[in-house]
Amino acid sequence: MFDVMTFGEAMMRLSTTGFERFEQASDYKMELGGAEANVAVGAARLGLFASWISLLPENSIGFSARNKIRMTGVDTSWVKFSKKGRMGLYFVEFGANPRRTKVLYDRENSSIRNISLEDFNFQEILKTRLFHMSGITPALSTSCEKATKEAILAAKANGALVSFDVNYRHKLWTGSAAKTVLEPLMKHVDILITTEEDIEIVFGITGETFGDSARKLQKKFGFKVVVITVRENISVWKNLWTAIAFDGNEIYTDRKYKLEIVDRFGGGDSFTAGFIYGYLEKNGNVQEALKYGNAFSALKHTNPSDFSWASLEEVESLLIQKTLRVER
Amino acid sequence: MFDVMTFGEAMMRLSTTGFERFEQASDYKMELGGAEANVAVGAARLGLFASWISLLPENSIGFSARNKIRMTGVDTSWVKFSKKGRMGLYFVEFGANPRRTKVLYDRENSSIRNISLEDFNFQEILKTRLFHMSGITPALSTSCEKATKEAILAAKANGALVSFDVNYRHKLWTGSAAKTVLEPLMKHVDILITTEEDIEIVFGITGETFGDSARKLQKKFGFKVVVITVRENISVWKNLWTAIAFDGNEIYTDRKYKLEIVDRFGGGDSFTAGFIYGYLEKNGNVQEALKYGNAFSALKHTNPSDFSWASLEEVESLLIQKTLRVER
Amino acid sequence: MFDVMTFGEAMMRLSTTGFERFEQASDYKMELGGAEANVAVGAARLGLFASWISLLPENSIGFSARNKIRMTGVDTSWVKFSKKGRMGLYFVEFGANPRRTKVLYDRENSSIRNISLEDFNFQEILKTRLFHMSGITPALSTSCEKATKEAILAAKANGALVSFDVNYRHKLWTGSAAKTVLEPLMKHVDILITTEEDIEIVFGITGETFGDSARKLQKKFGFKVVVITVRENISVWKNLWTAIAFDGNEIYTDRKYKLEIVDRFGGGDSFTAGFIYGYLEKNGNVQEALKYGNAFSALKHTNPSDFSWASLEEVESLLIQKTLRVER
Amino acid sequence: MFDVMTFGEAMMRLSTTGFERFEQASDYKMELGGAEANVAVGAARLGLFASWISLLPENSIGFSARNKIRMTGVDTSWVKFSKKGRMGLYFVEFGANPRRTKVLYDRENSSIRNISLEDFNFQEILKTRLFHMSGITPALSTSCEKATKEAILAAKANGALVSFDVNYRHKLWTGSAAKTVLEPLMKHVDILITTEEDIEIVFGITGETFGDSARKLQKKFGFKVVVITVRENISVWKNLWTAIAFDGNEIYTDRKYKLEIVDRFGGGDSFTAGFIYGYLEKNGNVQEALKYGNAFSALKHTNPSDFSWASLEEVESLLIQKTLRVER
Amino acid sequence: MFDVMTFGEAMMRLSTTGFERFEQASDYKMELGGAEANVAVGAARLGLFASWISLLPENSIGFSARNKIRMTGVDTSWVKFSKKGRMGLYFVEFGANPRRTKVLYDRENSSIRNISLEDFNFQEILKTRLFHMSGITPALSTSCEKATKEAILAAKANGALVSFDVNYRHKLWTGSAAKTVLEPLMKHVDILITTEEDIEIVFGITGETFGDSARKLQKKFGFKVVVITVRENISVWKNLWTAIAFDGNEIYTDRKYKLEIVDRFGGGDSFTAGFIYGYLEKNGNVQEALKYGNAFSALKHTNPSDFSWASLEEVESLLIQKTLRVER
Amino acid sequence: MFDVMTFGEAMMRLSTTGFERFEQASDYKMELGGAEANVAVGAARLGLFASWISLLPENSIGFSARNKIRMTGVDTSWVKFSKKGRMGLYFVEFGANPRRTKVLYDRENSSIRNISLEDFNFQEILKTRLFHMSGITPALSTSCEKATKEAILAAKANGALVSFDVNYRHKLWTGSAAKTVLEPLMKHVDILITTEEDIEIVFGITGETFGDSARKLQKKFGFKVVVITVRENISVWKNLWTAIAFDGNEIYTDRKYKLEIVDRFGGGDSFTAGFIYGYLEKNGNVQEALKYGNAFSALKHTNPSDFSWASLEEVESLLIQKTLRVER
């Protein structure tokens, strides 16, 4: 019995160094990233028993991807290697004001896009307290869409909580395509984690305030909890981060973190992992979940890679931190 | 027929990494820089057909310099290799408040300083819509001074616009030496790009405001356009950038860019390239030229190297940019 | 009028450093490679006016590929950017005895595979003394096969010499598929450059000696010159290299080079470039061509990257070299 | 039920780069090494279900050590973190003829040296087909010596095969101290893997030939199999590697591998892992075990790190390899 | 006759790069640090004749430590190499808001902890205008405590000024242990340099203002000068730095420096070096000493390493600096 | 009283990495080199009290050069900083068979070339057992030629032994110019260290054997000892090294070292340092001197940089070395 299982794609990330633009670069740093993989890693870092389900190409690049996940303590028993498709890639160049950080995707025909329903028997696999997915997976291919549905239904049938991050990607599908696919899934979702932008694009929901939006969403789909994460881009190197939550009853808020940005990729996924940790380990206390989510996300922004390398101890220490002196 | 031709020196730049001081460093990054080369590169990046005229030493370091320019798309047909002189160098260490970024020049006896009037037949070479030079070239040697004059006259004779950046360098000459050489050239210049500091040192002109200075300059020399670029050093890592222009009629201003500084070298040259682009491609619209200049310069500050690696598309996107989110 | 034009794919090459295996690596070096691009680069290094014709994706990775070629002096006017397809990649890990150097291709759906006959009007483009292609291009897709045929015919029609490197790649097609496509093209080829292995697989031709094989090939297809390159793998770090040629008349041989292998990729392509240089510039003297080919190839093996960075001066100096002392 | 379990120390390895001597170096590469950890990693690479038992300090460096093992697929459930002791380190500088590669140990007071018999209940833990240790562990401290004995007895009691590598380290103990501790353990050992030097120092056994030595050893202690690995140092960068085995009956030999040395650390441990793989998976066929051991060891020498990153497929391919061409 | 002598431990510092967390890192940068070594280096950089007294292990890592100090111009005649003990290490990972920079010590059983009173005859060695130590040395071991006392007494007996930095380290001892050891030494100290936090923990002294604290301290122990350094952590990357001094008479203050933090280690030690420089070279002018201390410390924060690589010229230039433009 | 003093130029060396050619390189490694500096460093490494006399430019690059020497323990009291001239540079790219390692000098107008006889009072400075120079210094400029003569005469007058390395550099002067300058100096030289090539070019002396040449040289100039070093270039990565000596009486020979070449720069200078060490410390025993010279030189070839980083202990261990196993 796992605490958390997630299912989704991971891609190799090739990033330039020293703020070099793609056309300048000769040296690339290779890491791994993918929304659901990032969440599994975050959960494992915080001490949960986490497993990531995926399909990777059966070659050294695919094995390397598995290794990079395995290194963090995530269970990879359900990572399968396939002769179909390739490893998706994305190229990253980090920005500085006023230049935005930029991603260039090369993710076509990845192994997971070629998934067939025989690849995973989700009913048997999903023995977990919570199952998490994002809106990226169903956008990858028709068979991914089917697998998403099947996985969520299997999780529910097995009595797991289901959390979902909308994670709209305009390169993968339109807002209306997303709506068509995602709306029917929402009734199986217990915890929805999203942003203002995504719910407007996908569900057409806007609100005067974040709380207002959360209320509307919750009302429409009946989620146990809706979370809206909020990032303010003071500049490319300086962001503010917080999130609000609504449990159908009360609006929960937390402090705003002032972030010095080393790498903002996976910041939202770390929020999710922290939130899940708090929710599962603090008896569904939404206020606590929110705090763990925000603190874990804040720490994530300070290390390179999509993964958070912070620990539970650091998160809890940040919750009460009074100083920025060197920690000796 | 080129859009832009420039003529001047380029030096190999050796910079330390990770904010190391020269006395700490064992690893150096080698790149190329030089005011006129930078302008040619910027023009080429923006899609203009640009050529850089220069003399380099006939050895692998000289060839390497040519290659680094050629890589950006600048035409190097008029780069000649000479057995006389050496490749000029400059060493760079990047600062952090309150330590200023520092340059150490090792540029004596460079090949271009040994130029003779037989090396280039400017009358034949300068087939271009615009010819650009800076005040550095005539400061290098007596033969460079002569070549500068000859080149500018040839450009005018061929009907090209002439733009000029004062670019005063106190290590090369005094303000009064600069005045003696540069003042007689000014009547051939259409577009002057400079700073408050330089015009005070070289032309003895000061004003209550930037506009005031621009007016005085324009009145004195009769330029088509005078541009004054304005940098505010909030701190070493944070600058504000803008510029103003005067066309004899109207003062043009633009927004101030808040810059997170990766590398400020070549920031002024990228302004020039952007301004030239706007001026040539937007029918001499000074307001547009100013906007393109500022945006292109702002982007330059965010990539390592003296060259800008931004694209026209990015400049135009910055002109209307509303967000600092990751560009996916 | 170019001296040499080539047409074919180029891929981004990502290689690990320090003999790391793929599963160990976090840092990759990015370079460019592709048989026909390598030949064009080699020709340009030797002073020929060379142009490379290709299709690349219209994004920063594609532009970067173009830049890396342009840097060497190859003309890239005929490199087009396409919205279809992606940049092909290949991953490299360097071996040490008894582990072979390994390549992992990720080249599906590259832009050039999506070529259509409207993309290039070869009749107009191919104004060149010699046109070179390899057997990789027609193996990429049906439209690439058509374009290959059209290009070769156009070159012949325009009076160019045609050189061809069989370059059989078993991941792309079978020997018999290669035979079906390549045999009909051979009558248009003047200079064939190949290896023992490839002519056995593709044309089913074997010989007692290299000379024997060359004779049979020449007899069958009527080439002006057949060249067989010969590599002996003493160990992974130590190879012997030579080649033989047959002009229908005489067998030409040359010394064997003892190579300390830094990077053997592109070694054959540099042979081709050197051979073409010698053939074109020494009035079709096959013996000279062979010498230039071998020396240029030998030097290629000593620098990282698929490209040769040796110069004509170095090649000619190697032809008469008597010492291995430091060159000061 | 594991295939292989090993128990022993691992240390962080800090190696200089580019053949720099310690007094030159500012940049160090950090990796993990340790005889028993290396064997577990090798076994896991070859597809066995392997677990490594150890004690590490409870801090980020200790966690990092665990991660580096976990990344390879070795089970780390039995890696415990302790507040006692520190992470042992060793510094490495790679040699070139005539300078030998050098190790500088900083391994005092490591966590595992502070082991107490309560830390591991070996009887319960050692559910495995084979249990492997080396002579390093009992040399670390008195409690390590006790734990070694207890572990071996528990393994035997649980019906596991026991393999043992003498691995004499003169910095840790004298030959006679080693003899006193190791001799009594030998009767529980099924497979002994060692070298000529070590058996002379520790057991005082010498032979005319390797086979002779193996016979004497086998006769004295009654091992199922004795293996003597043989390395010839042609030069620092070039070694020959082979091994012989004796099963009480027959002497087995194998080809000599000619190695280009990238990193010879862990070469013996990879032999052990390969031998164990062959022995377990080929029904105790000593000839096969020897072949797998030698091939896996040969490949290990070609990648940086104490760990082998070769795969079973590569080992089997090397057993029949005919070429050193690039593997595409 | 030296200007400054210091006595204390130095450790090798291993820091990750690019803000990597320890568990991510494979590449470490090795440098040297230690409070008293840092002060000696700073003094030497400013032109004083400085010597550092210490014990290092007699191996390449110890020699390397000596070299790194020697490189800066510090005299190392009194650095002795010992067969006892090891080189202490500390691991550093740099933070970003809200994650603090973190140090992980591995400093047990260092050579200096094994000091015996025969190792140094301080009476003979300490021929210097000023002798400096910190509260770290007596905390290392009982023999270090004795050596500290002996050294301070010898310095006084030889007529040297004694400066002392409290430098409380909670990993080494408790506040009350520090008090027991340090209080009796204070009567021999002329210049005390410390922080608000440390004097509260060690001496139980608090004040309404920094001046107030300084007054109480001075009154209690009779120091010639008390200095309190003041750091405000605006964020991890942005600090304010200043210090105040009290000479029994007057409170001296100086400007606050706004720092962009590259590396804050050794910031306090550079203050001390600068203060000592000013005090010794400006005839005991406390106001001048304070200015030199603050400026030198400010510059230190902008270069990697515990050592300051600023020069006297740069310090004096900063004291009157008006611009943050590039220094050409 | 020093053991060894040397006087000459040092240059900053910028070398590419990974066998990159100059035209490929963006990253350069900066080190220091210069014949006489190298000898002083070697002597200091072996435990002699050595001092290097030189003139460097008064800037951070000059200070950095001094630091790099100082780090090794060489006394730099007699390194002066000058406002005249610049730091000489040389660029290095490492070869691989059949490509030779290549040096590109950029050493014009270095500070030392601008030396005046007032800069050093050699009579006062040269308090040393042995004074060493090479034929490079007098070739640099007329004032350097004068200083060389003055220094050698002063050394003799002070009773020092004089050693001299011919070190002919064809880029600096012709053989006959060298002859004119060097021949008159030879009568003051006690120990001449040279090669076959150099004595033929400079002194027109050839011999059937190395011994023959040494005899002729000794006879002509009356040296106490003549040494001829002998390098055989098996390949670029593999050399044989030895030397022979003649003391007017007997020919001394030593073993040939088989070298795996990491960096051959400074190999001859390390021979000189080792020879001087043996000669001074073994009471003028030429056989011993030869052995120390060869062993120290052999070790030098295995570390990057012109400096040897071997120790006396390693040299003496190599003299009796029987194994190439890892040194643990």
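Worth a mention:
For reference, chains read A, B, C, D, E and F in written order, and residue numbers begin at 1 within each chain.
Everything that follows uses one rule, which is that a contact is a pair of C-beta atoms (placed from the backbone, for glycine too) under 8 Å apart; a residue touches a chain by one contact, two chains touch by 3 or more.
Computed from a predicted model, the values in this text were never measured in an experiment.
Counted as hops between touching chains, the shortest connection from subunit A to subunit D is 1.
Shared contact partners of subunit A and subunit E are B, D. Across A-B and E-F, it is A-B that has more C-beta pairs touching. Subunit C is reached from subunit B by a rotation of 180°, derived from superposing Cα atoms (nearest 5).
The most distant chain from subunit D, with centres taken as the mean of CA atoms, is B. In whole angstrom, the spacing between the mean C-alpha positions of subunit C and subunit E is 62.
With centres taken as mean Cα positions, subunit F sits 45 Å from subunit D.
Residues of subunit B in contact with at least two other chains: 21, 23, 26, 67. Under the contact rule stated at the top, the pairs of chains that touch are A-B, A-C, A-D, A-E, B-C, B-E, B-F, C-D, C-F, D-E, D-F, E-F. Against subunit D, in their complex, subunit E makes its touches with residues 14, 21-23, 25-31, 59-61, 63-64, 67, 86-87, 89, 91, 93, 104, 106, 108-109. Those residues of subunit A that touch subunit D in the complex are listed here as 67-68, 70-73. Residue ranges on subunit A touching subunit E, taken from their complex, read 17, 257-263, 298-299, 301-305, 309-310, 314, 318, 321, 323-328.
Subunit D makes touch with subunit F in their complex at residues 18-21, 23-24, 95-103, 105, 169-171, 233, 235-237, 264-265.
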